[in-house]
Amino acid sequence: MLNVFHNLEISHYIYLSTVLFSIGLFGVLFRRNAIVLLMCIELMLNSVNLLLAAFTEYMGDANANGQMFVFFIMVVAAAEAAVGLAILVMVYRNTRKTDVSFLDQLKD
Amino acid sequence: MIGIALVFLGGVITLFWGLNKSESKSLWILRFFMLLSALLSGAEGQGWVDFSELFKWVPAHMLNFNAFKLSMVSILSFFGFYILSLLPSTYKKGADVLGLFAFALTGAMMMVGSQHLVMLFLGLEVLSIPLFVLAGSEKENIYGNEAAMKYFLMGAFSTAIFLLGAAFTYGGSGTLILSEIQMKLSFAAHFGEFPVLLKAGVILMSVGLLFKVSAVPFHFWSPDVYEGSPNRVATFMAVIVKVAGFVAFAQLINTFSPMQIWINQWIVPVSILTILVGNIAALVQQTVKRTLAYSSISHAGYLLLFLILPMEENLPILGTYLLSYGLGTIILFYLMDKYSADGEKSFEMFKNIKNNKIDMAALVIGTLSIAGVPSTIGFVAKYQLFSAAFSQNHYSVYLALLGSAISIAYYFKPFRYALAETNEVDAEQNSINGLFSQICLITGMLLIITLGLLPMITERIF
Amino acid sequence: MNPIILILGLPLLGFIINGVLGNKLPKIVVGAIGTAAVLGAFVIAILNWSIISQPENNTINLDLFTFLQIDQLSLKVAFQLDRLSIWMTLIITGIGTLIHLYSISYMKEDEGFYKFFAYLNFFIFNMLLLVLGSNFLMMFFGWEGVGLCSYLLIGFWYKNEDYGKAARKAFIMNRIGDLGLLLGMFLIISQFGSLDYSVVFTQIAAGNTSNSMLTAISLLLFVGATGKSAQIPLFTWLPDAMAGPTPVSALIHAATMVTAGIYLTVRCQVLFALSPLTNEIILWVGLGTAVMAALVGLKQNDIKKVLAYSTVSQLGFMFVALGTGAYTTALFHVTTHAFFKALLFLGAGSVIHGMHHEQDIRHMGGLKSKMPLTHLTFLIGTLAISGFPLLSGFFSKDEILTAVFMHNKVAYALLVGSALLTTIYMFRLYFLTFHGQYRNHHYAFEKVHESPINMTLPLMVLAVLSIVGGALNLPAYLTHSEGFLFNWLKPLFMIPQSIHEIDHSTEYVLIGIAVLIFVTGFLIARNIFVTKATIPAETSTGLGGLLQNKFYVDEFYHKVFVRPLEITSSILHDLFDGLILRAFTFGIFPLLKLIGRLNKKVQNGNLEMYLLYMVIAIVLLLGVNLIFA
Amino acid sequence: MYRKDKFGIIKTSKMSEISSLPLQFLILSFITILSALYVVTSKNPVHSVLALILTFFSISAHYILLNAQFLAIVNLMVYAGAIMVLFLFVLMLLNLSKESEPIKSNLWGIAASIAAGMVLITLTAAFQKSGIAVMPAPSEGIGLVKNLGRVLMTEYLVPFELSGILFISAMVGAVLLGKRDKNSEELVDLNNNNNA
């Protein structure tokens, strides 16, 4: 087994994850296609997963709590993707659009 | 735990038994299970029965229900029952919709009982995912579609934020168990400085929960989503999500209580902002539903004030407030639903309400309670909350009182129409309630008044 | 089960049943339920008499729950049945039962029959709450409750606008008094940190309170008492209260509610006994009321108004007794007065009933033959109130006169005058009603009829009580010991009442004067109204006009209080509505609306903007609290 | 290189040793970030999906570096295998693959990048300012199936079972939204449209 932490700091993973998270966040703000928005959110979730895995390894958590958390995040991500795509298909069916900037009928 | 089991069971049975039956039939099953859950959880909370033997296999650091949480589970089940009883169905076949209601309710209970970040997260999602679907359950309604889409995208986004916070917390404390995090924190408190990972973690997780309870500036979804969703779903969001969200939030903040002073620094501004924006925005709304949405935002603001209090001994205040908020909100949503059936969305809808004495009484009592007028439970709740918060932070309470004063202006708007002289008498249209919903309505009114006059009952409950 | 629950619960139950189901039940059932509920409470109180009458100061307590807990102050829902409250309970429920029974016939024709009985039961419940409460809060609840019921019942025939106005007047006058009571309670809280009788009275008796504070509290409580018991200056509502149905006048405005002020004073005996200044004020206020009301009573022509002023006057007598420190005497007069005044009112009701709603005594006369039972009982009532020897009123009034004689000779002289006036106006009423010519042209003499049995039965019972009621507290010169009521209340008082040591010769002189007053009054009335057969004129001039118009007190109040108030309020209305509220409406409110509209710009429905706002908020939260904190 | 304090638990470290970073970490991070950027900037959604799959692969490689072998496999199977295929499927179904969304204004792009950049900068600055404290106590073999399975079936049994509720509600929800109502002709329209 190669242990990266012999010559690597945990902070590097924190920064990497933060960068990935920010990229996902940028995508959420920047893109208009709902399906791409959803992908960006998946990207954010994955950056969190990476961070959790890194923490688990770094702390040597014998119960691998972080990795367990990652499993549950994956479970939720899968469920969210299913529901999200169903909503997307439904919206497309009614409006022929997946562009979120057209979702502005409901307002004050 | 018995609550989760019963409601989930009820959901599954409804789902499969009612697949090809009309909703009104399967609704009774779900109502029964929810009421049973409310009664049994309540009884367990009072120590009259004990189901802990049945659920010995559930480790206490995952899910743990103490007396207060059992009472909250009971109240959640009761609210679920109450919503499903008062707000009638809009579907012919609705077993799947009912099942989703039940599953969302189990999620709410999981949030309430969670002692572990994974459980908290899972509860949050089990609560949210059915609601994403329910918001769009009127498939042909493009407003419903938009609501579902907005709620889903923003909800998923806030979930990601919450998770980043949870990951930071894990990194900073080395554990996901709330009580152990608290231990680590009080340990760190001795050195004076808290790990920055934990600070960032609690802020980000709070953002996730602030989104769920629709606190300003994470509230943008709620008026739009409430408006687009079916009324029953909107009620569910306004009540169940907020009740469960606040209990979980209180638990989370309590976990981080060693850094309470630092937390107060940002909770108080968020609370004040929520109160003011919620109340002021409600003033200018045209439709009843949006007004109610902003009203529920402002109540989230009052409730945020609870989070600055020392938690353990003040839990009855939270319970009372949530109970009063839920009762009043459900009754008002019920009236909004009933009188908007002909498509009238503005306050005009209440112009014929005085033909139906029970509905009129419900409007008066519900409004008085939500507005916090004495002799209702709403007053007791607000009084307790504000007087407790006053000892912590004077200015926020002054502003909260200002907000309550503003709120009177829009809470009493319906009366302008309800009490206006109208010549048209269409008594036959609005005067018939089903016997069952009539009983439910009267029960709710009696609860509001009784608990308002005898506040020590709520002190016994929680 | 604790008897207090039943005593309070039965009337409440009757109220709920009649209030909820009354309009679906036949009238006889409604009446039976209402009467039975009060009778039940009466019986239960009787059954518990023996427990209370143990030699030691026995009380039955009922602590239900804590209503509110504010720091140290706990407001409890708690009751006590002690010697004083059981005495009041028996009067309330006993007379209440008779009046309920009477009302079944009297209100038979009324469409609001069930409402009437529901209100009556609710009144009884509140009155019992007032006397059974073991702290000021419970008393205050009952106090407000009876005020409410009185308002509802005075305005029972609310379709008549004047009756509605009378009800409002009663309510407002009572509220003024209540304000005093409430302020007194606040002072008590600030001073003693509790509203429980036991705590407060023990602390007062211990003597730790400054005299000025005691005087302030007792004066404020007395203001409350003047409102409820119709003393100067808050008495004008009571005569107007006669707008209500006659049984209501008998029950509420003669026998029970108006004595709440006396009950309050007797209950707080330790407080009042230690505030000499207040006592002096009470004495003179009571005296003034007694004389003034008796004078006005001379010239009234409405049968119920005469009785109403007589009530005000008699209440004045009771306050005079309280002012001299003769608490037992006051309660004794409350009791006997309850008997004969209820009798008189019910008799008047019977006359009104028999004359088909004629109330003006100028249009009566000669009813003796047509209504023999009513006549007889009314005569007994008149004799009792006028102080005919050995009837109940004679003893109680004589005790008051004796007490005042020992206290202040001038006051005695005035009170004797008032007693003389009492005899005159009562016999004036009696003679004009039952003797002489029948003077009504609208209603044939032949149609005048005696009332049915369940109206005359209460009359007879009350007549018997009016005759023998004096036995409750026989004076020492007859029995050579203190009266029964005196001994009964003795353990209750933390500060012993002074016994008026008076030598027998003086006492016999006083009795002689009392008898003389009665005879004189009787003869004067007989001379004017029987021998000369004078019929009161429509309008009187001079002194008579002054009296007939009730000293113009109402007009005075209107000029001095109501008009300035109206002017002030219209000025304030202009000021607030015109300036401040307008400033608010055109200043702050639009500002709020502007913010609301700004929010509209933010809440523009665009998901991307929402997300951007949320991210900005997150950045702010993180930046401010992680980096700059 | 670990700085332990007197209690030996809390360790503070700062990003100061870039030069000694292992090569594989650098390369993987580079690929990850680059492909992630491509996901958010590509105009064609299908390209985004493909780039996202590449991102997931590189993250899986990170997992292997981090001793989380099982997680690496699951990540590939669940994300790259299932979720991304679902995305692709929907893209194809709705025929969005060729459709490129209208480009947002430059202003909007700047606003978005500033906002996202601020999140990054704020977090980084916070970590820089007060240092990161994590508790290290390295041990071996925690990321293997054996260990994970044991933990999942003991410690995490309750959430494991309760995630069943999540799945059933997601399933019911997807069916509820996706199924065609009898009176609805929408899907037929859609097909005609696609064929045309």
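To keep things simple, chains are lettered A, B, C and D as they appear, and every chain counts its residues starting from 1.
Note that in this section contacts are C-beta pairs under 8 Å (C-beta built on N, C-alpha and C of every residue); 3 or more make two chains touch, one makes a residue touch a chain.
Everything quoted here is computed from the prediction, not taken from an experiment.
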Far-end chain from chain C, centres as C-alpha averages: D
Innermost chain, taking as reference the mean of every protein Cα atom displayed: B
Pair joined by the larger number of C-beta contacts - A-C, B-D: B-D
Geometric centre distance via CA averages, chain C-chain A, whole Å: 76
Centroid spacing, where centroids are CA-atom means, of chain B and chain D in whole angstrom: 31
Between chain D and chain C, distance of the C-alpha-averaged centres to the nearest whole Å: 80
Approximate Å spacing (C-alpha centroids) for the pair chain B, chain C: 49
For chain B, residues that touch 2 or more chains besides their own: 118, 122, 125, 129, 132-133, 136, 139-140, 148-150, 153, 157, 171, 174, 196, 199-200, 223-224, 281, 284
Where chain A touches two or more other chains, by residue: 10, 14, 21, 24-25, 28-29, 32, 38, 55, 59, 61, 68, 72, 76, 79-80, 83, 86-88, 90, 94, 100, 103, 105-108
Shared interface positions of chain C, touching two or more other chains: 599-600, 603, 605, 607-608, 611-612, 615-616, 618, 622, 626
Complex interface listing, chain A residues touching chain C: 25, 28-29, 32, 100-101, 103-108
Interface residues, chain B side, partner chain A - complex: 117-118, 121-122, 125, 129, 132-133, 136, 139-140, 142-143, 145-150, 152-153, 156-157, 159-160, 163-164, 166-168, 170-171, 174-176, 223-225, 227-228, 281, 284-285, 290
Interface residues, chain D side, partner chain C - complex: 108, 111-112, 115-116, 118-119, 122-123, 125-126, 129
Partner chain B, residues of chain A touching it in the complex: 10, 14, 17, 21, 24, 28, 34, 37-38, 41, 44-45, 47-48, 51-52, 55, 59, 61, 65-66, 68-69, 72-73, 76, 79-80, 83-84, 86-88, 90-91, 94-95, 100, 103, 105-108
Touching residues (chain side chain D, partner chain A) in the complex: 1, 13-15, 17, 20-22, 25, 29, 32-33, 36-37, 39-40, 45, 48-49, 52, 55-56, 59, 62-63, 65-68, 70-71, 74-75, 78-79, 82-83, 86-87, 90-91, 93-94, 96, 101-102, 104, 108-109, 111-113, 115-117, 119-120, 123-124, 127, 132, 134-143, 147-148, 151-152, 155-156, 159, 163, 166-167, 169-171, 173-174, 177-178, 186-187, 190
